[in-house]
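The following block contains the structure, expressed as structure tokens.
Chain naming follows the written order as A, B, C and D, and within any one chain the residues start at number 1.
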Amino acid sequence: KTDIVVGMQLEPPHLDPTSAAAGAIDSVLYSNVFEGLTRFMSDGSVVPGLAESWEISEDGTVYTFKLREGVTFHDGTTMDAEDVKFSLDRARAEDSQNAQKALFADIDTVEAVDPATVRVTLKQPNGSFLFNMAWGDAVIVAPESIDGIKQQPIGTGAFKFSNWVQGDRIEIVKNPDYWGEPAKLDKATFKFISDPTAAFAAVMAEDVHAFAGFPAPENLPQFEADPRFQVLVGSTEGETILSTNNKMPPFDNVKVREALAHAIDRQAIIDGAMFGYGTPIGTHFAPHNPDYVDLTGLSAYDPDLSKKLLAEAGFPDGFTTTLKLPPPSYARRGGEIIAAQLRAVGIQTEITNLEWPQWLEEVFRGKDYGLTIVSHTEPADINIYARPDYYFQYDNPAFQQLMVDLNNTTDPAGRSAILKQAQEMIARDYVNGYLFQLAALSVANAKIKGLWANAPTQATDLTGVYWED
Amino acid sequence: MTLLRIDGLSLDIRGTPILRDVSLSVEAGQIVGVIGESGSGKSMTAFSVMQLLPEGSVCSGRISLSGHEMLALSEDHLCRLRGNDVSMVFQEPMTALNPLKTIGEQVAETILIHERTSAEDARHRAAEALTRAELPQDRFPLSRYPHELSGGQRQRVVIAMAIALRPKLLIADEPTTALDVTTQAEILTLLKRLVQEDGMGLLMISHDLAVVADMADHIVIMRRGEVVEQGPAQSLLRGMRHPYSLALLAASDHVPDREGAPQDTPLLQVRDVIRDYPTPRKGLWGTPGTFRAVDGVSFDIRRGENLGLVGESGCGKSTLTRAILGLEEVQSGTIALDGAPVFAGHKPNRAVRRRMQVVFQDPYGSFNPRHKVGRLVCEPFHLLDNPPAGADRDRAIAKALESVGLSADDAGKYIHEFSGGQRQRIAIARALIIKPDLIILDEAVSALDVSVRAQVLDLLADLSDRFGLTYLFISHDLSVVRSITDRVLVMQAGKIVEQGETAQVFADPQHPYTQQLIAAAPQLPQDVRKLAHEH
Amino acid sequence: MNRNLVLGAGLTAIFLLAALLSFAWVPQDVTQMDIANKIKPPSAAHPLGTDHFGRDILSMIMVGARTSIAVALVAVGIGMGLGVPLGLAAAARRGGWLDEVIMRANDLVFAFPSLLIAIMITAVFGASALNAIIAIGIFNIPVFARLTRSGALSLWTRDFVLAARVAGKGAARISFEHILPNVTNLLIVQGTIQFSLGILAEAGLSYVGLGAQPPTPSWGRMLADSQTMVSFAPHMALFPGLAILLTVLGLNLMGDGLRDVLDPRLRRDRQ
Amino acid sequence: MLRFIGKRLVSLVVTLWVASLVIFLSLEVVPGDPAAFMLGLNAQEDTLAALRDELGLNKGAVERYVDWVGGMLVGDFGTSYTYRTPVAQMVLDRVQVSLPLALYALTLSTLIAFPAGIWAAARRGKPADIAVMGVTQLGVAIPNFWFAMLMVLVFAINLRWFNAGGFAGWDAGFFAAMKSLTLPAIALALPQASILARVMRSSLLDTLNEDFVRTARAKGLTRGQALWRHALRNAMIPVLTIIGLQFAFLMAGAIIIENVFFLPGLGRLVFQAISARDLIVVESVVMLLVFAVVLVNFLVDLAYAAVDPRLRGRR
């Protein structure tokens, strides 16, 4: 069997990964259709992609990429240094619509030295530049395909885009001219099923062969018990946190934030909202990362301590605040549980369920909230704490300096030390309530091999997937 | 052989006895008239013959129709008889026809149901039946829909349907009650003619003794589900014995005693009144047309006078009433009571309005069923600037009720606890309570049974004498107008075509329309009328 | 006694009483979570089992009845409160421009897909019980306006209205004194039907997450929450579903029964 | 007849115009920026501005209204903010699911309701009537999404007769496509059929009480003949109204059912578009649905005229 139907919750709004935030675009296209200079592997490591190798200058500001030979786009044109230059320049241009423009902020110039060599000069050293280039937002696109890219994506990957029935499915087919190891599947269909029940039913009825990012953890035991299916539990880059508005009283008082942290029973949230799937975290860092420090002890569940802290902070009878929840079930369910837990220490919450646009408007941009729950799925994103205007409004110069140091450091040991220090700093400041690392949950037919268990980025890499007879 | 013989028929509907021991018979070529007041079981007798009774009916006794025992027949067999051997014409021509089918289809259906024949043939014969019912094909093609016909024409279609197969027996249940006198006369003549032509038996049901007296060979008088008296028309009319029959006879030609003469001063002056109704615009952007319902009407009512207004349905009587009452503004002309206009400056004149009251036709519809009689009766107090309240009000209500022969206790009851006649008394009490000068009676007795009607007419005469009231008495029933009014106006298509002393007009009508009306009105034979007055 | 009425009123009363009782007492506080005891089938301690947060489903249904009933009732109230006067006014000015405007506005509201608009309203103004009420209520207005108008129109031709006009009463006074009392039967019957539709609508909105917000329990949200668990915890979907079904059934039966009892045609026959 | 149609047409146009104003004005107040939604958490202000400019969100309200209405008149519904495809194309795709689904459900509903309603009316008060009334009472009371859930559980997951959802597409063949619409159509049809059967029955009972049915019986028609030939067509008027309303409801109101069965229909399109603040899609689809409703009402009016000669006016 050489075709596969993959279920997925969200449908991409369009098919250009370089001009929208929607993770669903990457879920379908990353690595399958589009490739970047570097790429993520299932374990989160960054390996060469379209760049075969690279050299970094002494001061860390000049990257010289050696491109692979004989790479062609799906439209038959060759991929060369000019395409790379075009892609990077387009992403960082004045009128660029790239959702992650910051990834390219440090780039000073991009030069095509010869067809197989690209030289990128940075304004300042950036330790995560290779990592940045692995993002779906940094994939290499063909200049002549830009006009139709939103409907007709043309990349260099092992699969070619073939058809999109809006509201229903996207089909991709094997690229026979792929430069690397060819895909084992001839055809793959991504089917969009947003409703969790429908997702369950579709997998059970074997309408779809695999479901990446299965939305209903409560159903996984049933799949595990059924020999027809395999359940893949992996990790994501999603730190799920109780975001707190650090500038809004009473959350401007660290004691209150500490009280909040101790009022929360992480395990109950993981059990109640995620049915046990998820790893508790004590800071904004992925536990599978080698630099992770387990700081959950700092915010152990202790309602009595919490009440005491509240009293010390001047709120013996608690207070009332808002809890604005975006749509995913971790937020909605987790929110209900947290509301109940906070009520137990005297904090009353008014729950408001918001759609994403409203959430972005009110919470993220308007900063009109007390508490919210959201999973930060961008990889290695602790640097957001250095942005005082970021929606949780944490303004700590010490931390900001730490991030500057981090960027200036290229040696791994130094970086690791700084990252550990950063984790501890935000944990001790109780910037947010740190809940758990979102699990990557996938269900698939037991005969399918080669699926990614982890989700270091939002991707459903099918290049290595095959059916076992 | 007797065509229809009903023997000892009794009928119960869901345990309520409706008919008891009814016996009668109809011979071929004979017209049998059944009369009796409302609810006496006339219709149920007819339905029993057709075996089209409401659900839960239990019949006993015998009904034999040209040899068929109707009560013993299967439904299938009955269906074969209905329309073929026995047909029926109903009271209400407006609803008796299917609005969605052409008259041709509906008449042809009778034929197609009973005979295996081509649609072409059925249509042909339907046209014939319609022609026999005086709906000639050149003016009333088969493709007409019922809504394109007048009430009388519709009734002819129903008759055509009934006689299409030349049934042996035709049952006509009050076939003309809903029609104008002139139309009524035409339909009755048609029926008589068909009986003669086809030699069929006709069972003719009516509540109007005069209609039956004019038509029937044999008369059956019913009351509360029983036959009280029957016999050949001529002898029965002149030799009635049963008290109920006598009462019926007396009431149907009742003339209330009145004294007191009208004064010469005019109370109400109507001058050149025109009332137009807008008609729907023609075409999408056409100008709306107008329909003139009242066309240049002028007359006076003198104080203490009873003025009658007669005319056929739709001639504008009620429209004129509404104009006089100041409910609608007229397009031109003046209406003044004692010199004061009822409508001044586009607004009704309250001072004038409180001196006029009205009694409507429908004793059931003219009261809000949710209010108690006391509240209903004192409604006109709204017209007074200082209406009596509390005990004064109760006293006024009691007085009004007593003056129409009811008791003061009735004020606490709801309207559904009263009979039709009593309701009409309450309506009169309501009109009297603010002691108006003028009372307009719009068909005030038309809906009542003859005996009740006689009582109400007596009451009106009595009140007029006692309180010196002035009446405008509107009716399409000539006999009523004749019995109670001093002077009469005859109205046709919005115009007054004749007016004069009642006796004078009836004795010597001048206008052709008046003549036609009077000729069409069914009347008891002179000797019978005399008889009625003796009792 | 009318069978439908008794049965319907009985069913409705059960849920009404449960809702009232919940103010004073529920088997278990619905704001308390007990994650350790989640998704337990019915037992002595929890007659209808527990939900995914370990809350007692019986208690949730009792408190949820409050939400459903309140939302539907207020929505019907809005519909009647605005629709009836509009209908009366339109009938009083039949044929006039006011009538035309009111009826066209009604048609306009009817032309909008109701569920979609309800979703839009809640999406625009945020999901909450109040917005659900408004969304459902708006679509009740034309229902009552039309019903009132058609009932009133036939009443305006009746002689007792003419009698009132002869007594010098104005249109407004007649509308309230004579027309309104005579259309109440119609309104009561339609009211029960709209009430049941309101409960269904609230359930639908809550089901897509746009009704009452947590922690307020609502039947529709209980169904939504239980959706993914039907296959292994059917009790979670069964009981709230039954609650909706039985309440709506009760109200509809009651509506039918009331129609039979109050219908003037039938009553006139009985006299 | 022409006048009748003309009058209806004018009111149709006026209704649509007012509806377009209402839709546009009410969506003007919607909070939430489509550009922000599209670019996510890490977007920068200048990127947002660039996008807003491209989407035409910086123009004035009047200009946008005129653009929108003017475009619609010539069949141009604008370009979706999020999908960046012509709205007309998206709608066309979705209608291929929604319209057949609505028609399928309506057909089912009529096929069930007519016999049931007629049967119940003909056997008034008998066990058959009581049974039909009981079942339809339940049908009206069951929340259809709940019923859909149960059906998926039974027919898709346990018995595996049908797919749990999804739309096979018309390319897959007529029967495959219809099969994938069967469970949703049943879920939609059940309450509609119940309502329709009840309306059919009560309307038929009303007409059976009319005088002309009695006249027909007096002509010798059996009870059944009188019902079929005379009562039924007269009873159709309220039934037609309900069918018209139901069609409109089915086109738009299937949102929840489309979600349960993950069908790519119009309802879900709007639902998603509302979530994404893709206002142009919301406006256009709602407008289209209003148009469909108004059009169906217009057709129902014409159907009345076809059924009822009194409405055709004088010849």
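In the analysis below, a contact is a pair of C-beta atoms (placed from the backbone, for glycine too) under 8 Å apart; a residue touches a chain by one contact, two chains touch by 3 or more.
Composition by chain, UniProt nomenclature: B = Peptide/nickel transport system ATP-binding protein; C, D = Peptide/nickel transport system permease protein.
The structure presented is a predicted model; accordingly, all values stated were derived computationally and were not measured.
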Most widely separated chain from chain D, with each centre as the mean of CA atoms: B
Distance from the mean Cα position of chain C to that of chain A, given in whole angstrom: 44
Gap in Å, rounded to a whole number, between the CA centres of chain C and chain B: 46
Where chain A and chain D are represented by their mean Cα positions, the distance between them in whole Å: 40
CA centroid of chain A to CA centroid of chain B, Å: 87
Residues of chain B whose C-beta touches two or more other chains: none
Per-residue overlap in chain D, given as positions that touch at least 2 other chains: 31, 149, 153, 157, 259, 274-275
Per-residue multi-chain contacts in chain C, two or more chains: 123, 227, 230-231
Pairs of chains, among all present, that meet the touch criterion: A-C, A-D, B-C, B-D, C-D
Residues of chain A defined as touching chain C within the complex: 196-197, 200, 204, 216, 218-219, 221-222, 268, 271-272, 327, 332-333, 335-337, 339-341, 343, 351-355, 358
In the complex, chain D residues that touch chain A: 31-34, 36-44, 46-47, 50-51, 54, 82-85, 90, 93-94, 97, 149, 152-153, 156-157, 160, 163-167, 169, 259-262, 264-265, 268-269, 272, 274-277
Of all residues in chain D, those that touch chain B in their complex: 3, 6-7, 10, 125, 210-212, 214-223, 225, 229-230, 233-234, 307-310, 314
Chain D contact footprint on chain A (complex, rising order): 11, 13-14, 20-22, 94-102, 150-151, 165-168, 191-195, 197-198, 201-202, 204-205, 207, 327, 355-358, 360-362, 364-365, 376, 378
Of chain B, residues touching chain D in the complex: 50, 52, 55, 75-76, 79-84, 87-88, 90, 92, 95-101, 109-110, 113-114, 145, 147-148, 158, 161-162, 282-284
